[in-house]
Every structure is written in structure tokens, then in C-alpha cells.
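When the chains are written out, they are named A, B, C and D in that same order, and each has its own residue count from 1.
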Amino acid sequence: MITLTIITDWLMKYMSADAAFYTELVIVAAIYLAVFAIFGLFLVWMERRVAGFFQLRLGPNRVGPMGLLQTIADALKLVTKELTGTKKADSYLYRLAPYFVIVTALMSMAVLPFSAELQAFDINIGLFFIASVSSVGVIGIFLAGWASNNKYSLIGGMRTGIQMISYELSVGMVIVTMATLAGSLRMSEIVELQKDGWFIFSGHISAIIAFALFMIAGTAESNRTPFDLVEAESELGAGFHTEYSGMNFAYYFLAEFINMFIISAVAVVIFFGGWLSPFGITDSIPYMGVFWFMLKTLFIIFLMMWFRWTFPRLRIDQLLTLEWKYLIPINMVNIVLMALLVWLGLTF
Amino acid sequence: MSYIGDVIQGTKTLLTGMNVTGKYFFKNLFTRKDVITVEYPDNIDTLKMFDRFKGEVVMYHDENNHHRCDACTLCELACPNGSIEIIWDKETDPETGKSKKVLVNHIYHLEMCTMCGLCIEACPSDAIMWGQDFHHTTTDRANLTKSLNRPGSSVIPNYVKPKK
Amino acid sequence: MENKEFLADRIRTMEYHLNMGPQHPATHGVMRMILTLDGEEIKDVEPVLGYIHRSIEKMCERDTYKQIIHLTDRLDYLSAHMNGEAVALLVEKALGIEVSDRIRVIRTMIAELTRIASHLLWWGVMGMDTGALTTFMYAFRDREMINDIFEETCGARLTMNYNVIGGVRYDLHENFQKRVKEFIKHMKKKLPEFDRLLSDNVIFRKRTEGVGYISKEDAIAHGLNGPTGRGSGFSCDIRKIHPYSAYDMVEFDEILLNGGDSFSRYKVRILEMWESLRILEQLVDKIPEGEYRMKTKAVIKLPVGEHLQRVETARGDFGVYVISDGGKTPYRLKFRSPGFANLHGLNAMTKGEKIADLVVNFSTIDVVVPDIDR
Amino acid sequence: MTKSELKEKISSWSEELNFVEEGSEFLVVEVPAHLLRETALKLRDDKDTAFDYMFSMTGVDYGEKLGVVYHLESTTHHHMIEMKVYTDDRENPAFDTLSDVWPATYLNECEVYDFFGIKFNNHKNLRRIFLEEEWKGWPLRKDYVDEVNMLIR
């Protein structure tokens, strides 16, 4: 198991093995939280800059170099804001909901392989873990919609239920397709298997179709335009987080971006060879994998941003039509196709 | 096979759309050529409004602090919103001995002005005109009530109204 | 069977009300709609108005005819020029003032530029309402050029107050022709891009086609007009039916589409921009010499009686109806606002559809709230 | 149809209709209140008149009388007519609703009620559309006084 052995070794010098193990857990969790809070803020900044360039604007460029500190300033502002809520809201669930969302988003982080050396938690069902944990997040959105005691939130929450349950299926089926090719669910193993060729190439047409399906379903999973019916600014005001303010709102906002990161990271792992560099140019340098992993992930994130700033939003019935009439049948055919390819040994 | 045709056609239109936005993105990313917004307070020195721009009503003063207003109140009457109030006094002309109106204060309520220009049109002696300043933001409404004639100014001696 | 009845008795859906507005991103201003919903399906739409009512009609009873014109800019601020033109034309018609050809051409050109500017803003907002946020800035890029033309010639960008009784306030700026030609060239390149970005997009098509259908008969009965009515095949272009200003001097087509759905209404406006460009192209090189402002009396009094003037604004059939008692001010003045009539059609269009469709339909009837709340 | 043809046609319907040709570019039909619905239906349904498009509806305070002016247009013949109806009752003025004849009058009738206090019988939801329900008085009537908000010159 590849894990953060450096920290363990260092801790072992000062305390017993058990204590070192638990301390390590706490330290790693704290580092992950801090890094991804910062990274989430970076993604918000990136979204705003990218949106700016798409929209013939500049985006935030005043605070810090290139406006990099803008989102930090925004986060500070949100921290100082009063936490408001409606009078008749179910206050316990109302306060609980944002943590559901942010905690599940961060949990999925644990299994992501950033490089051959850097992976917090390498279990043999990594992909399955991500698929199942990220589907818990929907409960948070559901709770928010219900507990806010606001009709807009309620409609948003109901839409989430419909949307998430449908698109979970597609994501799962794409994972099944790629697992057929890889023969494993362990993230690190999947990456190692791609040393001879990324799955997007070695899987022929089937992998490309799977990638397209994954991008669609993944965008829907992270509630982004064209599938942002949950928030649907022009219809529902802000959807499920209409009544949230301050840090509670920021959790949702951050979770959206972290979810986007996870979806992209999974795409990178199962299609683009994770931390592997193209043609293995830097594979011998340790920790260089992080750079490639992030670069690929940012590219996929950029793709999702590109979708968001180009497409209009679907309607709720069209969303379901897309899933049940198009994505699922194509997915099923694709699984069979992939199985055939693997069986006939036509993959590289 | 309209099913597959639909999928392909749909994907094609989506990619066309992405092509349009993508072009602008990369152009702006590398050259900032298509950026249409301006960074406002930074360009304040180079920002020049058009000559006819209607920013506010101002009163013309020459270098000797003379204006051309003889307090005829036509602008006050022409204004639809009551944004102009003219306070005048009677004064005896030392040369001719006749009494005439003298402008004391030309009060202009910018907060009520709709920039319709009827006062400027009504003015027989072109005493008031458009100013190009648009920085009217202030924290107090009272700051928007202005006195158009400068302190100590007086009407141009022996000014004859142009015939319209 | 028994089971079904048992369930129907216990499990039932309930209609509920949803307050859309007055602070809602899709209502394009301060307007409120009370929706009766069953799930996401709309049963009834009842508009509640008056959040920015300024009683302009009452103010007009107090103001002289010269002063009225600047108030009309504040009705439908996106067609500010056409509204003022209506009042000016009404007074000129009542007093028998013949304006020179130059004035007529100037008014027509500014009106067509205003129409394009208004449709551009609508296009941007339409994209935003369907969720494509980028359209807004693209539309504003092109609208900016028109606003610059206005600012240079009229002195303001939106509420220009360019019309006066018997002409226009200033002569055209020397750069006007050059800028308009530049704009036509620019716009002809950008309009196909709009189609590629939004009109052809499969999601957008699905969102608008077959949504918000209203038949021609219903459209007429509900008083829909302007591009909204023409999307249902109701020929109601005042520029063609009762030509005013220079519209009898130019060639253009009335855009009529028979779809009756949101996409037809969308397409009508896109095609109308092409027609407006065509009108501008015909006029830009042939602006006749002459006076830009006719001499009028200092005090304007309309003859006793009733006067009506209709113009085609960007939103449709705008009418000014004046009852004069021979005095300096009108006895009663009524602005027939196109948005107010179009708003009533919303209910008929939207019944039985979803909230998302309401937003699209509301966008395609293109209301400007100050036009409704006069 | 021209003004005189319209007059000839419409006058054959009832003797109580009054015509005015002075002071307006269109033919003006003054309809007694009890004939309003009937005349409106005829104007809409008769093939020669076919006034299917209700262009504008204006409430007017004539001093002693209150009235409503309907501007009607035919989309087939492109002729226009003004239909007027008056009432002497300033306390409780009421006409029949035309919102089922021309649905376009639905919101307009609310507007007229809001500003002039003219009620429309059988209107589905007659309410103060612009002002709040608690508003006192009818603002566009000539005898309306509001000492605080009205600037009178």
C-alpha cells in the first residue's frame, strides 16, 4: 500500500506505533482540509477568470497578483457574515445540511492518487468508494431544500433528488465500462496499468464514448450548467441554498468546486493515466506526478467551465429524457462493446 | 436512424457553440484583444466624454468671473421637475438709474434633474449649458443641490441678449 | 382497482402558490407574479404590478406638450426614442406641422438603431434566462457601439430625449454616418455568430420549440403585438400598416412566423435585426439635406378633440392617445403600452407548462417593467 | 370600410347608438351602458366590421361623467373605430366586462378600476393592479387630491 510513509517514519521517532498512526491520520486530514480549502478557493478564482475571458471581460484582477487573493478576501467576508435563516426552518437539519455536503466532498479526496508516492488511502475499491461517497452528498442538498422552509429551496431540493439518482447511474456505468478494461477498481493500479497507453487511447472508440458520457454525467453530478437545475438562477433564485448565508453558503459553494475537482480527477485517473506523464518523460522524477495530475485535472475542469459558459440549461423533463433515453442505452451498448473489445483482445 | 442522427446533430451544434466561445477565450487569454470592459478608475485621466454628453447643467463663467444670467427665470419655468430655483434681487443700475433683476443664487437640484435639456433650450442668453462631468456619486443627497453661479460672480457688464 | 381508489383517496397532490418576484432574476425588473403550481406544473399566472408605478399619465396632465416628451423616455427605456417620436408625431399631426425629409430620415435611423439595441439586450437576457450567461456580454459588446453613436449625436446613451416637437434636438454628428456603416459591417458578422452560439444549439432549441404556444386567433384576442404577436403570425407591424416617418421611403419586410411558440418569437426578433440593418443600409448614404428642426410656436396648444398616434417600438404597438381641451396641457393622456398587452398573453401561453418554461416565455414576450407600470 | 360606411352599418343595429365624427380621425360610437356587451359582440363578430383587435382601453374623467374609450382595430380590414361608454354615476360607476369578448381588456379593466374606480361586472378578478388595496381614492380622476405627493403647477 502506497501511503504517506514519510510522515509515519518521522512520527515513529517520537512516539509509539499506535499513537503515530492516529497522529498521522489527524495530520494528514488537517493537511488535506487546508490544501483543498485553498485549492477550492483557487478553483473559484479560476472559474471567475475563465468566465471573464469567455465573456470578453477580465475577471477579478485587483486583489493580489492577477487577482489571486480575491477569493480569499471573499471567503474572509463570508466568514464574518451573519448566519441567517428562516423562522420556521427546521433549524437542526438546516444547520446540518451544509456539513453533509462539504464532508462528503472532502471524503472522496482521500482516495485520489496524486502521484505514485502521494495517496492518503489506497483501498482496492477506490472507484467504488468515490461513486458511493459522492452520492451521499445529495442528501445534504436534499436536507437543505427541505429544511429551509422555502418553496424555491424545496423545488431545488426535489430536482436534486431526481437529477442525482438518475445521473449516478451513468457515472456508475462508465466506471463499470472502464473497470472492464482495467480489471481493477484500485486507483493506483488503474494508473499503473496505463503505463503503456492511456485508456482513452487503448480503449478505442469505446473509451472515447465512455469519456463523453462521463463528462456529461459528471457535469450533471456536480450540478453545473447545463445541468444546474438545482440552483437555476433565473428560475429559482438560488435553489436549495436560497436561505443560506455566510459560511454555510460558502460550504456549498466550496463543495461544488471540490466535487468538480473530484469528477475531473476521476476522469483523469480512468482515462488519462492519472499521474503519468505523456510518453513517460518525467516518470523517473518523484513527486513530478502531482504536477501532471493537477495539469490534466485542471484541463478537464476547464472543459467543464467551457460547458458552463457556453450552454443553456436543460429543463427537468429534458434532463431525464437525456439520461434515460440517451445516456443509459448508449452506456449499455458501450459496456457490451467494451467487453467485446477486451474479450477479443483488441485493446493495446 | 434518426436516433443516432439526433445524437450526432446535437453534439455538432454543441461543439459549434463551444467553438464560438472558445475562440474568444483563447484570444482574450493571450492577447486581451476582445476584452470590451474598461478598468474604470484607472482610465480616469484618458476618459473623455463626447462633446454633447449631458452630464449636468453648468453655468458659463468667463475669466473675470462674469456669467450671462440675468435671472429671467425662463429656465425655472421650463423645467418639468422643479430642479431649478432662482433667487434674485432688485438692484438699481448706477448708470441708467433703472432697477433691474440681479441673480443672487441659481440653485440646481441635480438629484431631480432628468437631463431633458429644456432649461438650456429656454435660456435666451446661453447662460447655462451642458457640463461633461459625470462623477456625481456622493454619500449625501444634500451635496447634489448645487449653486450654479460661482461665489462673487456677477453678470457681464452691458451684456446684450442675442436675438433668437 | 380498489387499491387505486384507496390510493387516490389518500395520496393526492396539492396546488400551492409561489411568489415570483418582485425581486427575482427572471422578472426583468420589479415585477411580481403569483404562480399557482402543481408540482412544477403551472396552473395559473397572475401578475401583480405597480412596484415602480410613477403615474406618468397623471404627470402628463400637468406638463406642457414639450415637457411630456422627456417623460416618455422613462416608459419603455429600451425604445426611448420611439416613444418620444410618438408624442412628437402626434403633436405635429394635430398642428399640421410638415417636417422635412431630413428629420424623418434621422428619426427613422435612430429608431432602427434603438430597435437593434433593444433586441440585442433582449437576446442577451434571453440567453441568461435559459442559462447561457455568456450571451449577455456578447450582446452588450455590440450594443455598446450603438450607445456610442447615440451618445455622440444625442448626448445620452439610453434616455436620449432626442425628439422635440417639429424635429430633433441636434443635427446629426459628423461621425454619424461613418459609425453607422461600421456598425452595420460589424453586426453582419456577429449576427450569424449569435445563431451558431444560441439559436442552433440543441438544448436551446429543445427549450424553446413548441413551448409557450399561442395561436394566431388567441394572440389577436389577447392583444399581443409587436414581435410577440408576429411570432404567432399576427401581422401587426405599424411601420407597414400605418407608415410614419420615413418607413414609406424604404424597403423592408414584415417578419411573420407562424410557429406561435417561443422559438418563433425568438426568431422574429433575430430576423428583425436583419431587417433593421437593411433599413439602415438603405438610409445611411441618403440622408437628405434640410432642416433638422422646424420652427414651432413657443407655446403649443393642441386643437380641441382627440388625437391618436401609433408607432412600432421594439416591443410592439405603442400608442399615445390625447384628449385635448385646447389648453397648454392635455386633458387626458393615455399611453397604450405594448408590454402591458403582451403580459396578459403570458397566462394563456404558459398554462400547463413548467416553471422553466414560464421563464423562457416571459423572456420571449420581452417586457420592460417601467413600460407596464407607467 | 370608410367612416361613413361603418356608420351606416353600425347604426342599423340599434337606434340608441350615437355617432360623433368631429374632433377625431376615427368614427366614434357612443354606446349606452346597457348595450355595451351586445354592441361589442356585434362589432367583433360581424364580418364587415370584424373588430377583433382591442388596441387600447382608456378611462376618462369628463368632469360630470366618467367614461371608457375603446380603440378597436380590425386585423382583416385595417380600419379603426372608437367606442365610448359613459356613466353619470360618480359614486358607483359600473359597466359590463368585455374581458370575454376581447381578453385583452382583462388587465386594462383592472387598470381603469384602479385609477377611476369604474367597476366591471362579471370581471373574474377585479383588483387594484398598480396601487395597493388600501389606497384611498381614484388617482386619475380630476377631483383627486393628494396634498403630500402631488406637485401642482
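Couple of notes before you dig in:
The rule we apply is simple: a residue touches a chain if its C-beta (ideal position, glycine included) is under 8 Å from a C-beta of that chain, and two chains touch if they have at least 3 such contacts.
Being a predicted model, the structure only gives us computed values, none of them experimental.
Chain pairs A-C and A-B differ in how many C-beta pairs they share in contact, with the greater number at A-C. Compared with subunit A, the chain whose C-alpha mean position is the greatest distance off is D. Nearest to the overall CA centre, using the mean of each chain's CA atoms, is chain C. In this assembly, the C-alpha centroid of subunit A lies 62 Å from the C-alpha centroid of subunit D. Centroids of subunit B and subunit D (each the mean of its C-alpha atoms) stand 42 Å apart.
A separation of 51 Å divides the Cα centre of subunit A from that of subunit B. Annotation for subunit B: residues touching 2 or more other chains are 14, 17, 20-21, 36.
Counting partners per residue, subunit A has 54, 56-57, 309-311 as the residues that reach two or more other chains.
Within subunit C, the positions touching two or more other chains are listed as 134, 137, 141, 197-198, 201, 203. Looking at which chains touch one another, you get A-B, A-C, B-C, C-D. The residues of subunit A lying in touch with subunit B in their complex are 50, 52-54, 56-58, 61, 306-307, 309-311, 326, 330.
Interface of subunit C with subunit D (complex): residues 46-50, 53, 55, 57-58, 62, 218, 220-223, 234-236, 241, 304-308, 310, 317, 319, 321, 323, 332, 334, 336, 340-341, 343-344, 348, 373. Contact residues on subunit B toward subunit C in their complex (touch as defined above): 9-10, 13-14, 16-17, 19-21, 36, 49-50, 52-54, 78, 80, 114-118, 121, 130. Looking at the complex, you find that subunit D touches subunit C at residues 22-26, 28, 52-56, 58, 60-61, 69, 71, 75, 78, 82, 102-104, 106-108, 111, 115, 125, 128-132, 139-140, 150-153. Of all the residues in subunit A, the ones that touch subunit C in their complex are 51, 54-57, 151-152, 155, 225-226, 228-229, 232-237, 309-318.
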